[in-house]
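Report on the following structure.
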Amino acid sequence: DFLNALHEVGPAFGASMDDLERRRLNGIIDCGERHKRIQERALLLVEQIKDNQSPLVTYLLEGPSGSGKTAMAATIGIESDFPYVKIISAESMIGLGEASKCAQIVKVFEDAYKSQLSFIILDDIERLLEYVPVGPRFSNLILQTLLLFLKRLPPKGKSLMVIGTTSVMDFLETVGIFGAFSISDHVPNLDREDVKKVKGISVSRFGVLKQLDVFCENELDYAVEEVNEISIKKLYMLVEMAAVGPKGKSAKAIQSGQEKIDLNFFSSI
Amino acid sequence: DFLNALHEVGPAFGASMDDLERRRLNGIIDCGERHKRIQERALLLVEQIKDNQSPLVTYLLEGPSGSGKTAMAATIGIESDFPYVKIISAESMIGLGEASKCAQIVKVFEDAYKSQLSFIILDDIERLLEYVPVGPRFSNLILQTLLLFLKRLPPKGKSLMVIGTTSVMDFLETVGIFGAFSISDHVPNLDREDVKKVKGISVSRFGVLKQLDVFCENELDYAVEEVNEISIKKLYMLVEMAAVGPKGKSAKAIQSGQEKIDLNFFSSI
Amino acid sequence: DFLNALHEVGPAFGASMDDLERRRLNGIIDCGERHKRIQERALLLVEQIKDNQSPLVTYLLEGPSGSGKTAMAATIGIESDFPYVKIISAESMIGLGEASKCAQIVKVFEDAYKSQLSFIILDDIERLLEYVPVGPRFSNLILQTLLLFLKRLPPKGKSLMVIGTTSVMDFLETVGIFGAFSISDHVPNLDREDVKKVKGISVSRFGVLKQLDVFCENELDYAVEEVNEISIKKLYMLVEMAAVGPKGKSAKAIQSGQEKIDLNFFSSI
Amino acid sequence: DFLNALHEVGPAFGASMDDLERRRLNGIIDCGERHKRIQERALLLVEQIKDNQSPLVTYLLEGPSGSGKTAMAATIGIESDFPYVKIISAESMIGLGEASKCAQIVKVFEDAYKSQLSFIILDDIERLLEYVPVGPRFSNLILQTLLLFLKRLPPKGKSLMVIGTTSVMDFLETVGIFGAFSISDHVPNLDREDVKKVKGISVSRFGVLKQLDVFCENELDYAVEEVNEISIKKLYMLVEMAAVGPKGKSAKAIQSGQEKIDLNFFSSI
Amino acid sequence: DFLNALHEVGPAFGASMDDLERRRLNGIIDCGERHKRIQERALLLVEQIKDNQSPLVTYLLEGPSGSGKTAMAATIGIESDFPYVKIISAESMIGLGEASKCAQIVKVFEDAYKSQLSFIILDDIERLLEYVPVGPRFSNLILQTLLLFLKRLPPKGKSLMVIGTTSVMDFLETVGIFGAFSISDHVPNLDREDVKKVKGISVSRFGVLKQLDVFCENELDYAVEEVNEISIKKLYMLVEMAAVGPKGKSAKAIQSGQEKIDLNFFSSI
Amino acid sequence: DFLNALHEVGPAFGASMDDLERRRLNGIIDCGERHKRIQERALLLVEQIKDNQSPLVTYLLEGPSGSGKTAMAATIGIESDFPYVKIISAESMIGLGEASKCAQIVKVFEDAYKSQLSFIILDDIERLLEYVPVGPRFSNLILQTLLLFLKRLPPKGKSLMVIGTTSVMDFLETVGIFGAFSISDHVPNLDREDVKKVKGISVSRFGVLKQLDVFCENELDYAVEEVNEISIKKLYMLVEMAAVGPKGKSAKAIQSGQEKIDLNFFSSI
């Protein structure tokens, strides 16, 4: 089954640069000290590979949903400047069986072993594992495959960096994936201080770039008090919704619209 | 298996407008403030999509059985005026295996990605998942597929709105489907106040439209005291049964017939 | 698998009138007030369908084994005078796999949707589900199919009445089958008062009709004291066994023979 | 699968008279009052069938291993004088899969339905179900098949008696097989009084009939005190072993040999 | 599946005399009273078969790993002098599926039924069952097969002795294998007294027979104090290791070498 | 399935010397007394085989991840000078099914049985078993195969040494693999004393051999205080990372760089 699947894998599986760019659709903005320190460390690991000090470095980014793990991993991949950078993501394997997914994963690693310097992102490992907390259920075939690749040294003279992302750290620890990574970091949600600094998000994705100053200083302070922890992803959504509110009203109205929305309308978000 | 299934999916799977209309067979009547506010919010989300603020908005309607979730979702779909509106419902996939159902779902989403503005209803998600609380059992293949589609961004320039409905919120939360939706709302049963306002339901479905005033003012008050919470769907059933009672008797008789029925005959409903 | 099975289903699956008659082999005798009231309600529901008030009425008869659920459902089906009356029963699908059984069920419903007025009996739902309390185990494929058909509206202009029977109410409630029926009733065992009225059962099935008066007045009173609850089916068995006792003895001997049998011989029944 | 299996079943499955005889290899000796009463009742049930009082009588013999259930059922089958008497036993289906076993069972019942009077022995139902208490595990396919056949009426004019045997009553009760039988009896082990009466077992199976008087009166009394409960099958084994002891010694030596064996040698039996 | 497997079984499956000899590679030495008594009883059972007293005797040897069960069973098989002696062992079925293993077992028994006197060893029943305590998991197909063969009488005029071995008595009891054997015995580890008597083990397996007197009297006494319970198999290993120590040293050196090894080196054995 | 798999196994499966060398990529340095004693014992066992004292010696190395078990086993294999030395490792069977893996294992053992002296390494037994603690799940097919091979004697005149490695001792004990090995040893992490002695690790893997003295005496003392237990593998990683730090700085800078890194940067390792 697996062997058939392996045979059928097309030659160019794995993500191109474009694919990586799509993972940080909203760009990378300043998210506070904690985010910055992780990025620094990641780049140091990239150096370690380039310096030929290690044939294999495996690095796990874990943290709550939406905290920016995938975007960060994509950024590091892009900035690494390695000749081979691929992302393994369940999204591109929807509906495939275990054996086929496994074959795809094998293909990406085998291809990586052919490049001097390679970079692989294992995005949302729980999704790759088809994990569901009820049971729990997951694909042991894929799990075993990942466990092995995370420890397997590339052939002589080749080097590989692997970055994984997950939001179910506990589970990864239980099944031994966490232990199989050599280093790991926690990517946190934004706290009040971080949020305050984020004001001035540009909603830039849609054709025209609109530099919105969606929160007025006071309201922001007030809103921030309400928020204890929020992911950067949710904050973007809030801004997008706020942007709908005005509809031909003045900039002033935007802010008042935002206030109403933030505190009443989106309370369930 | 899945690939075969995918290949066999006919070109026009997914519901037409007619199909949507069938989901609100009894029309949409005034069900009180709480229902109204949900509909408003849903339409705001539709605007957000149209304004190009978000490429993907996912919205979950949860609440007790018969509270009107499906009818409401169909209504929003119809009123959205999007070029592509489809409903994914277990009803149209009776007896199919996991892989085939999965293929159907993939087809609807892939088709949606081709339209500028798309609208997909995931109706009765627990049925799509073949969920049963004993075990619990469910299709992990379909679950993983939904989890991925709920987070996957449409291609550049395309926008998608997804509305899901469910009456087993707890389960959806456990398996992560709830968390995968960006927003959610609770669709409640009718309480006493709501029921009082509903008097004057028209039993309009059967050939001739009969505008029945099935409860007389006093009886209604009395009956309403008995009822603590009732779904709009059950209320319709009560009215239908009441309508059988008379059989050529006077309108007056209807009401007395109703009273007897309501309090004695249908006590087990 | 299911599709193959569906294709192989013969054209005339489902029970004919004869089949229904076999379900009330011992006829229908007076079993007390409680039985009577259920039958009345059922016939009212039949009226509701005929009056075009509802396109779909689903009615569940639950109660202990042998209490008369199947016979009652068959009787209502026969008396409904609907053009399409079928019984779905595990008995006629012995040894078939899930997919085949499912296909049979689909066939009966699809056929029903073609008739103006249809009547379907889902007999012994726990057997259809291949239910066993250990585990518990059951066919989720069949369960999901039933859940969907119990809620699916027939096409415009067609009406359908479904009567289900079961003796494991708890399980049906847990898996949501109970909730999927719009109405339900409990079919009880006979209590002492009911039994007293049953005297004079005719053991009529065997070639010659023998009108036996198997209990003499006093003995009956005595025997009835012993019995707390008994199903109508068991009562028939008692009478059959009593009828063996005499063997060419006088009517007097029957009764004495019966007494001995009832209190000693059948104590373990 | 099942359908294939059904097709492959040879025409003459089921046991012949010879087969039944093998089930009571050691003959039937007097085992005390309790055994006798069961046999009487069984024959009364046979009469009930013959008298055309019942189309279907199902009778379960349950009790500890070796207590004589199978031998008793075989005896009743032989003595019934019915034209069709078959035994369904796991022994003749070793190594077959569920579907094949199920097909065999179906075949025996279908054949029985063709005879005026039929008699089927379901021997060692737990073995037919491939039951093992760990889990517990068992074949639900076979269980469902038995549940249905135990309730299914033979065609008009045909009558069927079914006798089942089991030594795991609890399990049969849990899964509903016990409830599906109309009557049941407990076949007990021998107690001290029963054993005393058994003295004088003839070890008759082996070519020459040897009428051994293996216990002398005193020793028996003594030995019997030791034994609290023993199955008739174990008692036979004891006698067989005792018969080895002598080897050309006097009858006196037999007894002394027996005594040594009984109390020391076989303590672990 | 099973039927295919059955068909493919070669004609000569089952162990030859050679095979049996390999099971007692280290010969049979005096292991104390308890071992002796078991062997006596086993030979008495062999007599019982030969004397035609029983068509089927089943005997279970249970005890800790390495206590000598297999060697003992092989010895009895060899000494029985029966024309058909076979060993059924998982070792000769490595990697086969359930059905194939089952077919092999069936073949050995069917062949045995053709011989006047047959002897079958079911070695390491837990391995035959693919037992693992986690779960627990085991092959129910093989279990059911063994349960049936342990009770099935050989054809008229044929006799069969079965000896089983196991070191997981508890499990065999739970699943009913223990109950299916007519007799059983516990094969113990050696205690201090037994070990003392074993001095003078000949390490005879390797080409030249070396009669080593590996423990000097005093050291043995000392060592034996340390050992509470040891299997005969472990004792052999100790001797083998001790034999490595010397390497051209004097017999004296052997013992001092042994002492060092026994108490320090092999403490973890 | 297995038989097919067995047939497809290529002729030269199993690791060559090169393969073994790759397992101790960082060489073998002095890791303290405890490591040394294990190696001594292992070589003694090798002698035992060569001396023809035992046809089969099985030795388990267990201990925390990275403690050097695989490197140690490879070293012993290389130094044994046996004509047949193979490593069975999950790494070379990624993505294969149970049956295929099983076939590979069988092949290696069968080949080993053909050589006078053979050496097999079962590396990371938990990975071979596809073990995951959730459930737990594992391949029972492979487990049973290993259990049998660990006890099966090679053919007459052949000898085999098996070394297994594992970091989940508890599990191996539960499923009986531990008991199936004749001897076992614990390979510990380095404690403070061990670490102190390790200073002067040569980072020799990368083209040019750099003899780094990465810790200055004082810092080492300080760092060692922080570390309670560390695996030799982690220590190597620390050194590699430290080696990245300098980048054209003086040796002095290396150490200060190391200090910063050790205590702050790698705290999460």
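Note that the chains are named A, B, C, D, E and F in the order they appear, and that numbering of residues resets to 1 at the start of each chain.
To be clear about the criterion, a residue touches a chain if its C-beta (ideal position, glycine included) is under 8 Å from a C-beta of that chain, and two chains touch if they have at least 3 such contacts.
Note that the structure is predicted; figures quoted are calculated from it, not measured.
Touching subunit B and subunit F at once are the following chains: A. Residue numbering shows that subunit D and subunit E use the same positions for less than half of their mutual interface. With every chain reduced to the mean of its CA atoms, the largest distance from subunit F is reached by C. Here the spacing of subunit B and subunit D, counted between their Cα centres, is 59 Å. The distance from the centre of subunit A to the centre of subunit F, with each centre set as the mean of the Cα atoms, comes to 34 Å.
The geometric centre of subunit C is 68 Å away from that of subunit F, both derived from CA atoms. Within subunit E, contacts with two or more other chains are made by no residue at all. Taking subunit B first and subunit C second, the full cyclic order of the chains is B, C, D, E, F, A.
Residues of subunit C touching subunit D in their complex: 22, 25, 65, 90-91, 94-97, 127, 130, 132-134, 137, 203, 205-207, 237, 240-241, 243-244, 247, 265-266, 268-269. Considering their complex, residues 1-3, 6, 41, 44, 47-48, 51-55, 99, 102-103, 106, 136, 138, 140-141, 143-145, 147-149, 151-153, 174-176, 179, 182-185 of subunit F touch subunit E.
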